[in-house]
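Take a look at the following structure, please.
Letters A, B, C and D name the chains as they come in the text, with residue numbers starting at 1 for each one.
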Amino acid sequence: MSVKKVLHDLVVAKNIHLNNRHFILELQAPEPLPGLLPGQFVQLLVNDSPSTFLRRPFSIHAFDEVNNAFRLLIQIKGEGTRHLSHLKVGEKLNVMYPLGNSFSRPPGKEVLLVGGGCGVAPLLFLGKWLKEQDVNVTLLTGWKRKEDIFEKEAYQQCGEVLITTEDGSEGEPGMVTGHSIFKSGRNFDRIYCCGPDRMMKAVAHIATRRGIDCEVSLENTMACGFGVCLCCITPTNHGNQRVCMEGPVFSIKELGW
Amino acid sequence: MIDLTLKIGHLNLKNPVMTASGTFGYGEEYRDFLDLSRLGGIVVKAVTGSNRDGNAYPRMAETPSGMLNSVGLQNKGVDHFVKEIYPVIKDFNTNVIVNVSGSTIEEYVAVAEKINELEKVPAIELNISCPNVKHGGMAFGTIPATATEVTAAVRKVYQKDLIVKLSPNVTSIQEMAKAVVDGGADIISLINTLLGMAIDADKRKPVLSTLTGGLSGPAIKPIALRMVWQVSKAVHVPVIGMGGIMNATDAIEFILAGASAVQVGTANFIDPAVTVKIVEGIEAYCRLHKFSSVKELIGGLNS
Amino acid sequence: MIDLTLKIGHLNLKNPVMTASGTFGYGEEYRDFLDLSRLGGIVVKAVTGSNRDGNAYPRMAETPSGMLNSVGLQNKGVDHFVKEIYPVIKDFNTNVIVNVSGSTIEEYVAVAEKINELEKVPAIELNISCPNVKHGGMAFGTIPATATEVTAAVRKVYQKDLIVKLSPNVTSIQEMAKAVVDGGADIISLINTLLGMAIDADKRKPVLSTLTGGLSGPAIKPIALRMVWQVSKAVHVPVIGMGGIMNATDAIEFILAGASAVQVGTANFIDPAVTVKIVEGIEAYCRLHKFSSVKELIGGLNS
Amino acid sequence: MSVKKVLHDLVVAKNIHLNNRHFILELQAPEPLPGLLPGQFVQLLVNDSPSTFLRRPFSIHAFDEVNNAFRLLIQIKGEGTRHLSHLKVGEKLNVMYPLGNSFSRPPGKEVLLVGGGCGVAPLLFLGKWLKEQDVNVTLLTGWKRKEDIFEKEAYQQCGEVLITTEDGSEGEPGMVTGHSIFKSGRNFDRIYCCGPDRMMKAVAHIATRRGIDCEVSLENTMACGFGVCLCCITPTNHGNQRVCMEGPVFSIKELGW
C-alpha cells in the first residue's frame, strides 16, 4: 500500500555548503508532509539550467516531521547539481515525492550501515529511524581524506561511527571493505549499504560470505522516477525491476550479487 | 463554451490530448497526479506476442532538450495484458488505445487479433518502428512495401480503428503515410523517436547498452512538425501529431500543422500532470483567439 | 607535447577542428574574434554556378537547443568567388575548403571545374543536400544513384580532395555513404541540417518564408553522432563529423564515434571564438587522459 | 572602416524597471569601451534560460563614455528578455559589440525623430548625439496611454517632445502617423524612425510624399548579428542586404518603401 505521490513547490529553508563539492538543501512544505521513509527519494525540477532537461533524483537525507521539512545531501556532479547548489533561501523548487520503496526493518537489533562518499546520504535518515526502534547502529563510512569528512557528529547521534580514509588521515587507512570490523568476528543482523556500485558489490560479497543479510540502495539513471519509463531497471531473480518503484532498496539476494 | 471534442475515425475524443505510448505506462501510475478521464485518450505501452525483458541497463541518456531511450518493448505479452492489465484499465473513463508491436507480421497479427476482442479498447496503434527480424532488422516502418504489408495483415483481423504510427527515420514520410493508408490505416500517428546515439567522452563509451536509441523531447519538435505537415497534405486520413510537445502552445502548433489530435510523451516524465494543463491551455487559446471549436484550428495555417 | 595534427585524404590539418559551411561566411568577419591560422580548416559558404539571392525573409527560427534556417545558398556565384573572394582568403594560413552547391549536375561540375584551378584551395566539399531541379526537387543526397552520379561527375573534373557532405534526411545513411564512395569521394562529411518546421501559434503562420528549413545545433547532436558512427563503420574513407558541436567534449564524442575531424557550425553564432576554445579543449582532454596524439581517439570507443 | 567587434563580460551597473514590461540595463566595462554610434546594437548572451539558445540583439539606448557604460532599453517579449529583467547589479553578461552601421549625420539642422513603443530605444542616444552637433531635434513618440510613457524628461533634454496616445490621455489622440506635425507644413531635413515595421512604413510613406529624407532602423530576427549567417536580410535596391551589417539603419530609398 503506497502513499500517494505529490508534486509540490517547496521552499528552500537552508542551503548549507559542507565543502566545495557537497551541500545540504533543506526543503520546507507549506502543508504537512506525507510520511517519508528512509531509502525513499525525491525528484527535483531544476529551473533555469539549460542543459538539465529531466528531473534529478536525490535520497532523503533527514526528515524533520515537526517542521514539515526534509533534507537532501547533494554532491555537485554536473550542471543540474551545480545549479541547485546556488539556490537561495526562500527560492522555490518543484519536488515530486515520496518515491521508491524503503529500507526494511532489520530482523534483529544489531546492524551495520556502510556508506561510501555521497552514498551516506540516505544513511543518516535510516540511522535515526533505526535508533528510534532501539536498534543498535554501527556506521562505517569511507572517505578520501580527513578533510572530506562531514556530518560526523550527526551520525554519532545514531550510534558508533567507524571511519576509513584512503590516505589514512583519519580512522583506518584504505577502503571501507578493508575495515577491521569485517574481520572482528562481530555479528550483525543486517548490513545496509549505499555508495558506488563497485563498493556495494564488494560489501555484498563480504555479507554473503559471512552469511549476513544485506540491503543496498541503487542509483540507476532515471527519466521519470515514478515507474512509467522503464529506463531505470535492474535485473533481479524475479526479472527486470524498476529501481524507482520496486527499489531503490534491494536485498542482495534479489540482485544475485 | 469552447467545444474541444472531436471525432477521428470512429473515435470520439473529449479533447485532442492523448498520451504517447511507452511514456504513460498503463495509466495507473499517473492517477496520483491527474484525473485520467480528463484526457482525450491514453495510449498504453507496447504489447507484444509474448513476454519481453527489453534491453539491458543503461536505457536512458539525457541530451540537449531531449532524451534517448532504449527500453526495447519490455512487457509481459498480450495474454498477460488481456488477463491482468485490461480488467484494471478498461473502466478508465477515456479512450484506452493499445500500442501493438512485434518482430514479425505474424506477431503483430496475433496481438491485434487478441486486442480486437477487448470491448473497451476502441483502437490500436500499430508501432511499425520495430525491427523486422526477417528483414535484417530494418524497421517495418522504413520500407513502404513492408509497411503496407504489415498494415494490411493487421487490417484483416482488426475491426475497430487502426492507427498506424510512423517512424521518422525515413527519406520520405509522405511515401510511408501513403503506404500505410494503402494497407488500410484509418488514422496515422507520428512521429516515433529518431534514432540517435550518446557517448560518454570521459569513459569513452556509448551511454546506452544498445549503443543507439530513440530520441524524443523538444529537440525533435521541428522535425515532427514538418512531418505532420507533410503527411497531412499527402493523405486524407486524420493525423495524430507528436514529438516534443511540452505545453499547449506546442500542441496548437501541431494542430495548425494539420494534426487532429496530439500525443504527449516525454513531457509526462517531467510533469506528470502536464496533459491536463495542455487541455486547459488549448481551451484558453481558443477563447483568446475566438475559436468556438478546436476543430477550426486543424490545419489552420494562414499563408 | 600533444600532437593534434592529422592527415585526411591529402589534407594536412593542424588540428581536427574546422568550421562548417554557411556558418563562417568567408572567414573575414571572424578575424575580429580569432586567429584563423589556429584552425584545422575553414569551409566557406556555398558557391553556385551563378548569383543567387536566396530565400525571402524570414530565414531563421529559434527552436529548443537549435535553430532552423532557410538561407537558400545566397551567394554571388563562382566567377565572383574566383575574382573577388579568393584573392582575399587564399592567404589565410589554414585549409580553405569551398562548399560547392548546385541545382543540376552540370552546375556542380561547372563550379568544381573552376575551383579546381585555385591553387590555394586543397579540397571542395560537395553539398548534395540541394534540391535537384530535374528530379522534382528531391535532394541529390537522398537517392543513392543520384548521389553516386553527381559525385562521379564532379570527380572527373576535380583533381584534389573531394569531400562529399551527406544529408541526414534519409532512411539509410550508410547506403548514401557507400553511394558517394562509389562515385569517388575521398572524404565524407556529415551531417547537413535536418528538415524541420516552426510555427508561430499566435499568428497561425509558419515562421520561415519557405515553410520548412534546416535544423542545426545541439538538438541534432544525438542523430549526428549516430550517423557518424554508422558511416565510419560502413566505409573506409575518412569522416568529418558535425551537428551540434558546442564545445570540446562534443567534438571528442564525434571523434570517438569515428570522425577524423569535426566541423563547428551554429555554435559560431553564439561564440565566434568557440573553435579555438575547442582546439584547446581537445588538447587538454588528450593531456588529461594521456593520449599523445589526437589520432588515438579516432573511433576509440571502448565496449 | 569599421571598429573591431569585441566579446566582453560586462557588469550590470543598474537594472531600472520602468514599468512591468520595460526596463533599462546599464552595462559597465572594466576597460575603455570602443566608440559607439547611435543606431548600433549589441548581442547579449542570456545565461540560464533554457529556451534561449541564440544571443539577443538590443539597440544602444544611451552611451556614457566617461563611465565606460551604456544602456539598453528592453521590452519583455519572451523568456530571454524576462531573464534579463531579473539580472541583479553586479552580475556579468557576455556582450558582443558594437554591431551594425549607424544613423548618419543629417543634411541640415532640423530633424524629426519618430518612435513607437520600444522603438524609442535608439532614439535617445541619437537625439543626444544630434544635439551635440547643434541639430534641432523634435521627437515624436507614440504610446497606448499616458501611464505607459517613460523617460519623457530624458528625451526633453534633446529637444521638443511631441506625444500621441491611442486613448488620448496625453498629447494628441491616435497614432504617431496622425500627428498634426505632419500637416503643420513644418519642414525637416530628415526623419529618423524606429518602431514596428508597419509604423515605419507609414512614416516612410509620409516622408516620401513630403519629399523628406528618412532613415529607419530595422529589427529583423538574427542568428549571428555579425554578418555570417545571412538570416537577417532585407531586400534593397542593391540586392539583399544584411540588417546586422549593412543595417540596421537604412534610408527608405534603399528599401524602396
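Assume a residue touches a chain if its C-beta (ideal position, glycine included) is under 8 Å from a C-beta of that chain, and two chains touch if they have at least 3 such contacts.
Remember, it's a predicted structure, so these values are computed and weren't measured experimentally.
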If a chain touches chain A and chain B alike, it appears here: none
Centroid spacing, where centroids are CA-atom means, of chain B and chain D in whole angstrom: 47
Geometric centre distance via CA averages, chain D-chain A, whole Å: 55
Interchain centroid distance [CA atoms averaged], chain C/chain D, Å: 36
Interface hub residues of chain C, defined as touching at least two other chains: 61, 63-66, 217
Where chain A touches two or more other chains at once, by residue number: 50, 52
Arrangement of touching chains [line / ring / star / complete / other]: ring
Pairs of chains satisfying the touch condition: A-B, A-D, B-C, C-D
Residues on chain C engaged by chain B in the complex (per definition of touch): 61, 63-66, 68, 142-143, 169-172, 194-199, 201-206, 211-212, 215, 217-223, 225-226, 229, 244, 249, 252-253, 256-257, 285, 289, 300-303
Contact set on chain B toward chain A in their complex: 22-25, 29-30, 32-33, 45, 53-54, 56-67, 69, 71, 74, 217, 266, 268-273
Residues of chain D defined as touching chain A within the complex: 48-50, 52, 83
Touching residues (chain side chain D, partner chain C) in the complex: 4-7, 45, 51-55, 96, 220-235, 239-240
